[in-house]
Amino acid sequence: MSKPLEVPTMDMENKEVLRRIEISGDMLLNMGPQHPSTHGVINFLVQTDGEVMKRAIPEVGYLHRSLEKIGERCTYNGYMPYTDRVDYIAAMFANQGWAMAVERLLGMQIPRRAEYCRVIACELNRISSHLISVGTMAMDIGAVTPFPYALREREFINDLLEELCGARLTYNYLRIGGVAFDLPSGYEDKVSTFLDHFEKILDEFNRLITYNEIFIKRLAHLAPIPAQMAIDYCLVGPNLRACGLSFDVRKALPYSVYPDFQFDVPVGKGEVGTMGDAWDRFWCRVEEMRQSCRILRQALAQLPKDSQIMGKVPRKIKIPEGTEAYSRIESARGDMQYYVVAGPGENAHRVKIRTGSFTAMGIIDALSRGLMIADLVALIASLDVVAPEIDR
Amino acid sequence: MTFEEIQQRLAGKFGERIGALSPANKDPFLVVQAADIVEICRYAKEDEALAFDCLMNLSTIDWPKRNQIEVVYHLWSYRRRHAFVLKVQLDRAKPEIASIESLWKSADWLEREQYDLMGVQFTGHPDLRRIMMPDDWVGNPLRKDYAEQAQWHNITTTRDNSLEGYVRLDELKKKAAEAAAASKKELPQ
Amino acid sequence: MQGFIDNLIRGWGYDPATWPWTQFVYVGFMGLFSFIVINFAAITGGIFSWAERRIAARMQSRVGPNRVGPAGFLQWIADAVKLLFKEDLIPAEADNVLFRAAPYFMMVGFACVFVALPFSHRLVIADMNIGIFYILAVTALIVVGIIMSGWSSNSKWSLFGAIRSAAQIISYEIPAGMALMIPVLLAGTMSTQGIIRAQGPWPWQWFIFDNPAATAGFFIFFISALAEGNRTPFDLPEAESELVSGYNTEYSGMRFSYFFLVEWGNLWVMSALAVTMFMGGWQVPFFPAERLDALTGWTAFFAEVASVLVFAGKTLFFVFVVMWLRWTLPRIRVDQMMNMCWKYLVPASFVGVLFVAGWMLIVRAAPAVGMAMHFLLAGAAAVAVIMFVQRVAHNLRDTGDKFDFTSNW
């Protein structure tokens, strides 16, 4: 592992490396950065003989927007819309990570109703993020129909969240100290109606694709990740739970009002293949949607009746320089962590966002040896990587 | 184990080389020397009581006033369910530290990111090259004194403020209208 | 058709055997029928592209093309016109002659099949006594076209995609051919009209219900036909193929559209073959073939129309099934595809042929057994259809869906 790698770089003048690969009879191909899938702009340098890959080296950075540097320039409040863009498919979680980190810096508690609003918004977002993930994964395997079905269900959630905060994708709903808007009147009924409809759709989805014979043949035994390897590469979220390790930040390091709810954590069992293979990762996400429905029903039932949605936050948030705080939340893609060091004025001195997709990219090179190219597509889809999380 | 207990266990093994835990300024941390980092991390990983099997975050912070770059290691143990924070303070002019990629594979990409964005050299890393920025980029963007290069492969890195652009267009239109009015005044002769 | 032309010549007062212009009339009619066939094939391809888009959309809770013409019916014409106007790109390093010729090989291979397809009991262009053999031979030209297009594109992606597609098609020719031998055995002739006449007008008289091996043979043929036509679940040459388009990557404009015309037209060919060989072709219920032959005048005309409609109806049903499969099933991987062919379908088709041969001996000794098997299998199929309808109703009730043909046109 300590041998220096021969990776062709941007400097394609260096044809020696290419020549050596070509002599061995292999092709060096670029898969990307434009993919016919929604994983985003990521490039893969694939060394292959046409069928089986020798290596697949991911190249990222096409979507790098220097969000961490912007964090050093914005006020704490003003940075919230930027956190939406850290993971625009599961934007509520990115909002929550930032809000929790800054609230820890301030040392403040937020009202219970605000916490419940956060949980409702986040769990709805978890369902819609997983819908995209499983839909695109089915599409990458070749079954095109589950993707519009997933999007159709996601439209209901988009409508719900649009009614809540005015946006369909980048919500900017949470604030330092609470949430921006209270639940509209009649919202509980709308969400309940949606949940009643959605749970039946999940069963239909399972019948259509999850237990489909060809789907299983494509995904079972594909890139099984042993739990120890997953921990070493710091895989998080459904990727880690599929390997058999039952770790969910909502249960292990409870935050917000999650201790109030009863829900299960789906863990991969190798039901149709090896434990930790691509099918398990897919199945974990489908089951997590079901658990999110459970949490939502309980949250709606236990919603506090008052109307306080913002805590007492100073108008200008100034924190002594050098104060640092770390927040961990269970985002749709796993354990999202914010490391914030306060700066002298109204902004942070350093913001580091550690996302699940970034470390998941690191494992692709190791897993791709000996896979076929069709499997690489399935592997990337099963890890549910999104480019904005990787590149920030 | 709490932060204090972990610090005591490390001090028990490494004695003088482990200082005191910083006061809890919301989150405490432990500062160690750059030369010791691999040893300390290896002990943290292999010791049964500590069992830090996961490097969950690796960041760098630029402190130009102190002339330091801090490398921050956030360790996590799935077996014991405890976390710890190690910090190493490097000289800002020549920030070098040994790579811990041999201990935790997640350090591979995390260290590459900090090499790219902050310019910290991780000696012993198997593949230290840029990850976010293009390979031929000059400079380390996250540094406080970073000045962006004016162009990259003939693409400028600045863009006119579009509001100024509109003002310019308005001026042009006004001048054109004045010229037209002036020429019209001269016509009927 | 030759009989028809001969009768025409006699009607003009000449004897076809001695008249010097007979051959020219034949050539003239051949030109006319080729023109009709090519047009039919092309228009079928175009209409199926529209049908596929609408069917796919309705299955995916979408609407599909609905602006160009009623229910978007003229969309395929708009697309064809657009493709005609597109710039005709030929890569600089491509082999010019082969690059230009490849789509035509595919068109020829595909259009020639229509010559032997019987549309009704008198409507077949050339009822050769080697009908099915000719069809199998001519469809192999498609492979030549694919390999030529992949090779001449001078791009590694294209070449690998073409080789993979060629491997798939060539491999699946074997189970397809063997499965088609089953109706040939049962009918005793390779002529397509002969095979249809050997079946009867009612479903239990079709070859598919003749014996279990024939049913298996039908499914083997259907699966192999899907693979030969590059349809899901075997569409790796097209959809994925390393995320590029495989053998037709470098093609643009009208040449590109030839490839897809052939693909959609192949749906008709596949389904028509399945219907001809196994499901009784143009045989109209209530009217055995002899009664149809005996009719003259207007009743004969209506009988023709009826048998064409029956044939078209059965074929369109299978075209729908093929499209339905495309939008339901995921794709198989290349090694799994080859596995399935060589390890499962080829042995199964050989066993099937042997079984049918043995079965024919049994039936010759005891015809009642044959009849019983017909009714048994047909009954089993009817039960399966009823269970399927029940399942669909259950699914609809479960999700609270409804059939809605009134909106979203």
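Letters are used for the chains, namely A, B and C, taken in the order the chains are written, and counting of residues starts over at 1 for each.
By our rule, a contact is a pair of C-beta atoms (placed from the backbone, for glycine too) under 8 Å apart; a residue touches a chain by one contact, two chains touch by 3 or more.
This structure is a prediction, so every number in the text was calculated from the model and none was measured.
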Chains in simultaneous contact with chain A and chain C: none
Closest chain to the centre of mass proxy, which here is the mean CA position: A
For chain A paired with chain C, centre-to-centre distance based on mean C-alpha positions, whole Å: 45
Rounded Å distance, chain B centre to chain C centre (Cα mean): 61
Rounded Å distance between chain A and chain B, as computed from the means of their C-alpha atoms: 22
Multi-partner residues of chain A (at least 2 other chains): none
Chain A residues within the chain C interface of the complex: 27, 29, 31, 35-36, 50-51, 138, 141-145, 147-149, 152, 197, 200-201, 203-204, 207-209, 212, 214-215, 217-218, 372-375, 377
List of chain A residues in touch with chain B within their complex: 1-5, 7, 9-11, 60-61, 64, 66, 68-69, 104-105, 107, 228-229, 231-234, 245, 247, 252-253, 320, 322-326, 335, 337, 339, 341, 349-350, 352, 354, 358-359, 361-363, 366, 391
For the chain C and chain A complex, residues of the former touching the latter: 56, 59-62, 156-157, 160, 232-233, 235-236, 239-240, 242-243, 327-336, 395, 398-400
Complex interface listing, chain B residues touching chain A: 25-27, 29, 53-57, 59, 61-62, 72, 74, 78, 81, 85, 102, 104-106, 108-110, 113, 117, 124, 126-127, 129-136, 141-142
